[in-house]
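In the part that follows, the structures are each spelled out as structure tokens.
First chain A sits with chain B, and in the next complex the same chain sits with chain C.
Right after this comes the complex of A and B.
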């Protein structure tokens, strides 16, 4: 009897969640149409014609199912939920059967659906400074107001924070711990200025081991090593596929652009370590292979190729794609999409945990300027770049401070021009289409003039 | 002695009028100077190696050079210190030491190194988590490595020399803590701005010189009689680094007494526990991870709200003024919780955003006066 009621409740939850997701999707579709209309996107202006990526529909289903599962987990006392940072060691959670929730993903959705301004204001009214990261502000605003594009995130049983992406998450998660009064597992992944230090890898390895023990205590079931191993291998496979997909953008013309990769990184962040994630990137890879075979370009008549640095400007993805598209310029690589698939130089199949520790230190924004310069240069060469678009992101000091110097090095050492776009990842309040549009015009005109001059 | 004549307090105050004049004079006399960022830099190691460690706290004035390399949403401490470096004002530093704290300092360290290629920079990769065996083992390795990096410049540093420096710094810290006790218990004997001048001058002068002045100063104050009580509202000040003492002066001019603080250039830097016996580098690990944490760190179980309420009550403070450097993320994340905890304890707070390199704004004086009036009315 109790069981049947349980199923009934579950079905009801499914229905409610599905409807709220649907509402979110519909609202977003409406918004997309509105934006497209405002941008004059319905007309195929300047011959820019986009053939949509079919796998995107699959992602909506995949992510939808994931959120429904998470919502159901919230009602099931045996199913633990952990909130985790985008750079956190999620494999341990998957191996423990814990449902991971990503406040950063949620915040990106808030940014895309343009709910960030109002949710940030809610947080600001409660005393959070407007200078704080807009993801954190909109997350707090969403928790406080219970407003969200997907009906809110399920409540966490515990929190996992890895500071390999910034020190901001340390503070953000301390605040989440105060709000929810649940355990917080901190993984401190020291920032590397030169080659990755062995003692830092040992330090992270020790913390990962502790995390496995703690997660086992929280769920009441120690993590099975074989299951953990299997999860790590699945994760590795998915990461390789995601790398392959990004590498395919080196093809001229690129079969998709960086703005697409910002959308397609949701599964690698959320579901790496699961079979679904592997399936997803296999499908995407096959579609890209097909597009290359059939000569389908993300930007028709692609003439110029640019790299992107920093987080997406979620509320202006279409505006930027269209703006650069007008100049036949395609964004073909980004430090951001690559952030979620770094592999460390150190790899040892016999020590999975230490290899994992090294990989969690390895990301772009956990490294200093010289490393970042090498990465950018490698991208420029591999992807045949004509220049960089750098998003100087008010919300992200760890990512942004140093960009002026990197832009200078790219220009002086390698003759690669950079446009610096001063903006924010999700808070739209300091953005101006006109101002940024004019700067992009000036940048592209000068880039084209230089390229033409060089060709003569 | 390089700091001129006068009473100890006059010397302390005059050092604060021109932060780096003493250090420049020391450098000119031939002693090696190490500039350091953040109170987490292991000064005892630098001292033991023969360096005069001087704290980089920026300076007044614009930041046109730094603005070319660092976005406007970097804090004023970073921008103004970097600007001073880029204009050659910090060339007297033979060595610059950063210890990992917040994102801004983390990235500034690298920018500094790339922009001042002729200045040696050492970055101490301190853990961001302060508790647990893993963090301690990691920091032990880091400090051992830092010792070697310094030794490569200075020659061998003996364990005995490190122990002697730890001892010297401990004696100095003890005197500073006695001064804070005096300020809380006998608030009329020493003003808040004078206390801050003592504390700030201590990171701008050679420790031995400061100690020589501080010891008689504290002894004399402890023996002094209490002047007639002024019955002014007692205020606690909390925040980031606040090297512009004009804020404390303006607060006290508004009619209150600043009786204690939790500032980085204040009591927080002097909250290290005593060194345990044994290996001196092990001791440094325990001291720096065991100190009162800067908000950029994670200390399991530490509640900055409860902590501040306890401190404010111990100082019998009627209100708390937050002097937070604009863009200081670690503090601004804690602020809503800390302020709510204070409110719940019946202690009002006033939030002030500080641009370290600019003069005290007129508006601050008005707000300080209104706050003090409110505290007076509440007391009546």
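Right after this comes the complex of A and C.
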């Protein structure tokens, strides 16, 4: 009987979620059409036909299914949901059968669909400062108003916060704990100035062990080691595929660009450790191999190659892709997409937890300037870059801090010009088409003049 | 007079400028008019005025490059180029030893550093507000009831600058009013405003790295108070061209000529 009611509830939830996803898609399509109409009416298209990436359709399904499953889990008392930071050890949750929800991924969706301004305002009206990260603000706004492209995130049973991405998440998750009154598991991942310190790795390893125990207590079922191992190996395989895909962008012309990788990030962030994630990146990898074989370029007639630093500007991806595309400039690598590669120097098959700990402190933004300089330089060499585009992101101090110094080093030490774009990842109120467009135009004019002079 | 001419039209937020150069690159005429609300109209007007001065017709223009905030509104343009490239080009053409350019216009300010060939090494622009720009000075001059062209000379007579902590146009206006209420002299306030602008420009200049010779362009270069304050802040003397406002249009005209030579 209980089971039948369960199925009824499940079907109802499926229907509701499907409808809200559909509404979201339709709203997005309407918006796209409106933008296309506006752009078409004012500016001439540069006449470049883009061959879309087919795997993107698969992702919409994959992510749609993921959110539907999460909404169903919310109604099922036997299933647990945990909200987790983007740099959190999600493998432990997947191994425990817990559904992970990413407020940051949800906020990126809010940014892409241009709902951030109104949701941030909801939070600001409650007294959250406008200087607070726009992801945090739109998350709070969505919780308070129950609005978002998917009608709000399913309620958490507990929270997992790892501060390897910024200090803001610490306070953000404490606030979530206060709002939902649920347990909070905090993983402290110390900032690394030079090479990753062994004692820091041991410190994080001990916390991961503790997290496994706590998650077992919350779900009432201790995590099986064999299942955990299997999850970690799946995660490893998916990460390798994701790295392969990004490395393919070193090919000239690049088969896709960084703006595409921002979109294709979602499964590696949310679903690494699951078989679907591996399947997804296998498909994407195969498609990229095909595009390279057939000479399909992301930017037709690619002439210049640039690297991107910091989070995506979710509401201006099309604007930026078009703007750089007009100059035949392709963005081919980003520190942002690479942040989800987890490539720590320390890897030990026999000590999975320590390897995991090493990977979780090894992220780009958990490191000091010298490390970042090395990373940027490696990217420039490997991807044959002509310069960098740095998004000075009002919301993300951890990422934006030190960018001017990095830009100076790139310019003076390696002759790599940099443009700084002052914006915000999802709050459009920090954006100006005219001003940023002019900056990009001026940057490309001087980059092209310089390259032409060097060629003479 | 005969053509062909190469035209540069710079449509800024406050004024529209047009320059015609001849086939040898010599500056023939230059005109400055207020932009008003309709940028397309302003562009037409300024170009017509330049043609009239040169006793020429539209057909005499071999190529036209548009620049400035309203560059996409200029009819008949061969192409558009940003004001950064144009100011650099104009300044370098007049002063081949120029290594830096500071430009303060109606709604933005920028610092540009050049290599010895005149190529742009680096540039910085102000962020999305009118702080420290020509518009800022206009608003402050109106609040203080001082004609715009008297702002500089009167600022220079002050014994010390008043402390203005904000270059935000909105906040600074109320700060100025409260300073007046406290009995601060207009001259000291004007000197304080020039200092505030210079500090803001200095941060752009530091980020691009200034080296002499530094050329100052844009309408605000006509304000001696600001010029002296910037010189003090950056530690280099400024060279102000006779007509600082037309540097962008001159650069555009020269680029039009270079395009045609290709």
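Heads up, the rule we're going with is that the second predicted complex is superposed on the first by the 452 of 456 C-alpha atoms of A that agree within 3 Å, B and C clash if a C-alpha of one lies under 4 Å from a C-alpha of the other, contacts with A are read in each partner's own complex, and residues count from 1 in each chain.
Quick note on the criterion: a residue touches a chain if its C-beta (ideal position, glycine included) is under 8 Å from a C-beta of that chain, and two chains touch if they have at least 3 such contacts.
This is a predicted model, so every value here is computed, not measured.
Legend: residue contacts after superposition of the two complexes on their common chain; A:54 is shown touching neither chain B nor chain C.
Look at A:445: by the touch rule set out above, it reaches chain C but stays clear of chain B. Once the two complexes are overlaid on the shared chain, A:155 sits clear of chain B and of chain C alike. In the superposed model, A:170 makes contact with chain B only, not with chain C.
When the two structures are aligned on the shared chain, A:132 is found in touch with chain B, with no touch to chain C. In the overlay built on the shared chain, the residue A:417 is in contact with chain C alone; chain B does not reach it. Residue contacts after overlaying the shared chain place A:178 against chain B, while chain C stays out of touching range. In the superposition on chain A, contact is made by A:434 with chain C only, not with chain B.
Contacts of A:404 after superposition on the shared chain: both chain B and chain C are touched. Shared contact residues of chain A with chain B and chain C: 404, 422. Contacts from chain A toward chain B in the complex involve residues 126-129, 131-133, 136, 163, 166-168, 170-172, 174-175, 178, 184, 186, 188, 190-191, 193, 197, 199-200, 202-203, 206-207, 210, 368-370, 392, 394, 397-398, 400-405, 422. Chain A contributes residues 404, 411, 417, 420, 422, 430, 432, 434-435, 438-439, 441-443, 445-446, 449-450, 453 to its touches with chain C in the complex. Of all the residues in chain B, the ones that touch chain A in their complex are 68-71, 73-74, 100, 102-104, 106-111, 113-115, 123, 125, 127-129, 132-135, 137-138, 141-142, 145, 295-298, 300, 326-327, 329-330, 332-337, 339-340.
Those residues of chain C lying in contact with chain A across their complex are 69, 81-85, 108, 117, 119-125, 127-128, 207.
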